[in-house]
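You will see two complexes here that share chain A, one where it goes with chain B and one where it goes with chain C.
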Partner chain A sequence: MTEVSFLFILLLTVGSALGVVLSRNLIYSAVFLLFTLLGIAGLYVFLWADFLAGVQIAIYIGGILVLILFGIMLTHKIVSVNISHSSLQRGVGGLLTLALIAFLSWIALRTPWRMVSSQEPLQTVGRIGQELMTNFLLPFEVASVLLLGALIGAALLSRRDT
Partner chain B sequence: MTHSLSIYLLVAAILFGLGVYAIMTRRNAIAILMGVELVLNAANLNFVAFARFGGMNSSGHVFALFVIVLAAAEAAVALAIIINLYHNLHTINVEEASTLKQ
Partner chain C sequence: MTVDQIIRWFQSLSGSGEQAWMFLAAVVITGLPLFLVLATNAIVAVYVERKVSAFMQDRIGPMGQGAGFHAGKWGLLQTVADALKLLLKEDVIPSAADRKLFVLAPYIIFLAPFLAIAAIPFNQVLQVSDLNIGVFYVLAMGSFGVIGLILAGWASDNKWSLYGAMRSAAQIVSYEIPAGLSIIAVVMLVGSLNLQQIIEFQTGTRWGFLPNWVVFHNPFSFLAFFIYFISSVAEVNRTPFDIPEAESELVAGFHTEYSGMRWALFFLSEYANMLIVTAVAVIVFLGGWTSPIPGLFATAGWGLFWFLFKIGILILVMMWFRWTFPRLRVDQLMHVCWKVFIPLAMLNIFGVGVWALGVG
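For the complex of A and B:
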C-alpha cells in the first residue's frame, strides 16, 4: 500500500512537472504547478519531514501559487482567450535538458553516498526550532530582515504612480 | 523503494532539468518564474532526502525552510517587477522587454 501510494505521488510529481513545462496555456501551467508542489509535499512525508510538508503546502500552494495566479490575471486581459505563450528554441533546449538530466542522474547513481541508518523521529518541529535558535540564529534573523525588505520593495515597485 | 536515496535524487534531477528547460525556452516572464520555482523545489527535495538518509540531521530541514523563505521573497519581488513591466511596456514577453527605460 505504501509502495503504491509512493509510486502514485512520484508519477504525479514528475507528470505534472512535465505539464508545467509543456502546457501552452499559462493557467494550465499554474494548475499543473499546484499538483507538482502537492506531490513534493507528499515526498516530504515519505522523507519524515512532516513539518516541511505542511510548510510546503501553506507557503508554496497557499502563498506563491496564488501570487503567480494573481500575476497571470493582472498581466493578461481575462476576456481574451490568448493566455497562451510561445516558446523558443524547443529542440536545442530539449536536447540540453535531456543531457542535463542524464548527467545529474549519472552522478546521483554512481556516487557512493554515505548513508546512515536512522529511526523515524518522534517529532521534527522541536528539533528544527532548536536548530533555528542555536546554530542558525544569524541566518534566521537575516531571513526576517530579507522578508521585510522584500515586502517593502514589492509594495513600492507595484504602486501605480511612483 | 521508499527507502532508497537514489529515487529521490532521480526525481530531483528530473524536476531540476524541467525547470531549467522552462527557464531556457519560455518567453513569458511568469512561466520563467514557474521554472525557477521548480528548480528551487528540486534543490529542496535533495536537502530533505540527504537529511533523511544522512542520519536524520535537522540541518537539512532548516536549510529547506530557508530556501522556502527565499522563494517566497523572490516570487513577491519578481511579480511586482513583472506587473510594473506590464504597466510600462504592455507586454511580459522577455524578448520584447529588452530596454531599461520606456
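For the complex of A and C:
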C-alpha cells in the first residue's frame, strides 16, 4: 500500500511538473503547478514531515500560486501572448540537460543518505520550534528581517505620494 | 475511528498483513460518511437559511399547505425539490469559456472543505485522522479553495466572474492572516496543534461555574474568538463580506456562468466551508465536544451532540449577520482586515503570552 501511494504521488509530481514546462498556455502551467506542489507536500508526508507538508500547501499553494494566478489574470489578453515554449537550440540544450542529469545522478549516488526511520516520530512541530529558537536563531531572524524589509518596501511602493 | 484502526480491524479479520484493498476500503468507509455529512449540512442549512431570512423579513418562507404535492409540512422538502431541480437542469458551458478549467474548478473548490473535514473530531472517538498538526492542516486546506475560485472566475471568460474571483481571492488571502494569528494565540496557550489535545485542554471548569473554554480563559483569548469568527465570515464570502458575489453589481460573482449541478457544487462547498470554519471556531475556542455544563452530559454520544449543537448556533449567527448587515465596500473591507484585525491579533498574541507567563 505504501509503495502504491508513493508511486502515485511520484507520478503526480513528475507528470504535472512536465505539464508545467510543456503546456503552451501560461494558465495551464499554473494549474499543473498546483498538482506539482501538492505532490511535493505528499513526499514530505512520506518523510514524516507533516508540518512541512502543511507549510508547503499553505505558503506555496495558498500564497505563491495565488499570486502567480493573480499576475496571469491581471495581464491583458494573456492567452494571446505567445510565451513560446517552442524549443530553441535543441542540440546544445539537450547536451546541457544530459550533463546536468549525469551530474545530479553522480551526486545522488555519492551522497551518504541518512535513512529516515519508518517509526512515526513522537513530535515534529515541537522539534522544529526548538531548533529555530536555539541552533538556527540567526537564520530565522535574518529571514524575518528580510521579510520585514519586503513588507515595508511593498507598503512604500503602493503608497500614494502625498 | 481512524483509517489506521479500520485497517487493523481488517487485518485481524483476515489474519493477513496490510494490503492495498484494506487501505482503499478504509478510505471509502471513512470518506463516504464525511461526504454525507457535508451534503446533509448543505441541505439542512439551505432550508434553515430560507426560513431564517423569511422570519427576519416578516415572511413565512417556503410552506406546503392544502392538499396535493407540495413542499411538505413547513416546506421541509423544499431543499430536496431544489436539489432534484438542479440535477435535472441543463449543464451549460459558455462557448467562450475555457472548457477544461471551467469543468475542473468546482471540483477543486469542493475538494478543500472535503479534505479539511477529515481532521475534524466530531467527539472523543469519531475522527477520521487524528493529525499531529490538526489545526494547521485544516487552515492550510482552507487556503486551497482559493485556487478553484480564481480558476472558475477566469475560465468563465466573463468580466463579472473575473471581478468576483479577484475580489474573493484578495479577501480570502487577507482574512486568513487575522484568523491564523488569533488561532496562533490559542496554540501558544495550549502548546499543541493537535485538535483533540486542544479540546482536552478545555475540559473542566473555570471559577467554579464556567466551562474551561479558551474563549473564557483570559481577555485576550476572548477577543481572539471574535477576531477569528468575523474573519471566518469573511473567508466564506458571506454578508457583510459578500462583495465577491455582490448581486447588485456582479450578477453572482465567480459562479455567474455556472448552472445545474456544477453550480450546486459551488453552493455545496459554500455551506461546507461554513461548517469547517465554524467547526474550527468551536474546537479551538468553544471546547469542541465538551459539555457547556461541566461534568454533566459528558459521554461520547453527548459529545457529538454538543459539537453539532455549537456548530449549529454559530451557523445561525452567520445567517443572522447575513440578513442584518449591509454589504461593506471593498476599501472598508481591506481597512478592517489590515488596519484593525491584524494589529489587534498581533497584540493578542503578545497579550496571551504575557498572560500565560504571568497569570498562568
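Just so we're on the same page, the second predicted complex is superposed on the first by the 125 of 162 C-alpha atoms of A that agree within 3 Å, B and C clash if a C-alpha of one lies under 4 Å from a C-alpha of the other, contacts with A are read in each partner's own complex, and residues count from 1 in each chain.
Everything that follows uses one rule, which is that a residue touches a chain if its C-beta (ideal position, glycine included) is under 8 Å from a C-beta of that chain, and two chains touch if they have at least 3 such contacts.
These numbers come from a predicted model, not from an experiment.
Asker: Is A:F51 touching anything from chain B or chain C once the two structures are fitted on A? First, second, both or neither.
Answerer: both
Asker: So, does A:T124 touch the first partner chain B, the second partner chain C, both, or neither?
Answerer: both
Asker: Check whether chain B or chain C contacts more residues of chain A in the superposed model.
Answerer: B
Asker: After superposition on the shared chain, which partner residues are touched by A:S16: those of chain B (first), chain C (second), both, or neither?
Answerer: Touch partners of A:S16: none, neither chain B nor chain C.
Asker: Between chain B (first) and chain C (second), which, if any, makes contact with A:V4: first, second, both or neither?
Answerer: So A:V4 only meets chain C here.
Asker: Please indicate which partner A:A108 is in contact with in the superposed arrangement: first for chain B, second for chain C, both, or neither.
Answerer: first
Asker: Based on the superposed arrangement, let me know which partner A:G63 touches: chain B (first), chain C (second), both, or neither?
Answerer: A:G63: touches chain B and chain C.
Asker: Chain A residues touched by both chain B and chain C?
Answerer: 51, 55, 63, 70, 74, 124
Asker: Within their complex, state which residues of chain A touch chain B.
Answerer: 2-3, 6-7, 10, 13-14, 17-18, 20-21, 26, 29-30, 33, 36-37, 40, 43-44, 46-49, 51-52, 55-56, 59-60, 63-64, 67-68, 70-72, 74-75, 85-90, 93-94, 96-98, 100-101, 104-105, 108-109, 113-116, 118-121, 124, 127-128, 130-132, 135-136, 139, 143, 146-147, 149-151, 153-155, 157-158, 160
Asker: Please output the residues of chain C touching chain A within their complex, sorted ascending.
Answerer: 18-20, 22-23, 98, 100-101, 104, 108, 131-133, 136-137, 139-141, 143-144, 146-147, 150-151, 153-154, 162, 165-166, 169, 173, 176, 193
Asker: If you look only at chain A, which of its residues touch chain C in the complex?
Answerer: 1, 4-5, 27-28, 31, 34, 50-51, 54-55, 57-58, 61-63, 65-66, 69-70, 73-74, 123-125
Asker: Help me check something: in the complex, which residues belonging to chain B touch chain A?
Answerer: Spelled out, the residues of chain B in touch with chain A are 1-2, 5-11, 13-22, 24-28, 30-31, 33-35, 37-38, 41, 44-45, 48-56, 58-59, 61-62, 64-66, 68-77, 79-84, 86-87, 92, 95.
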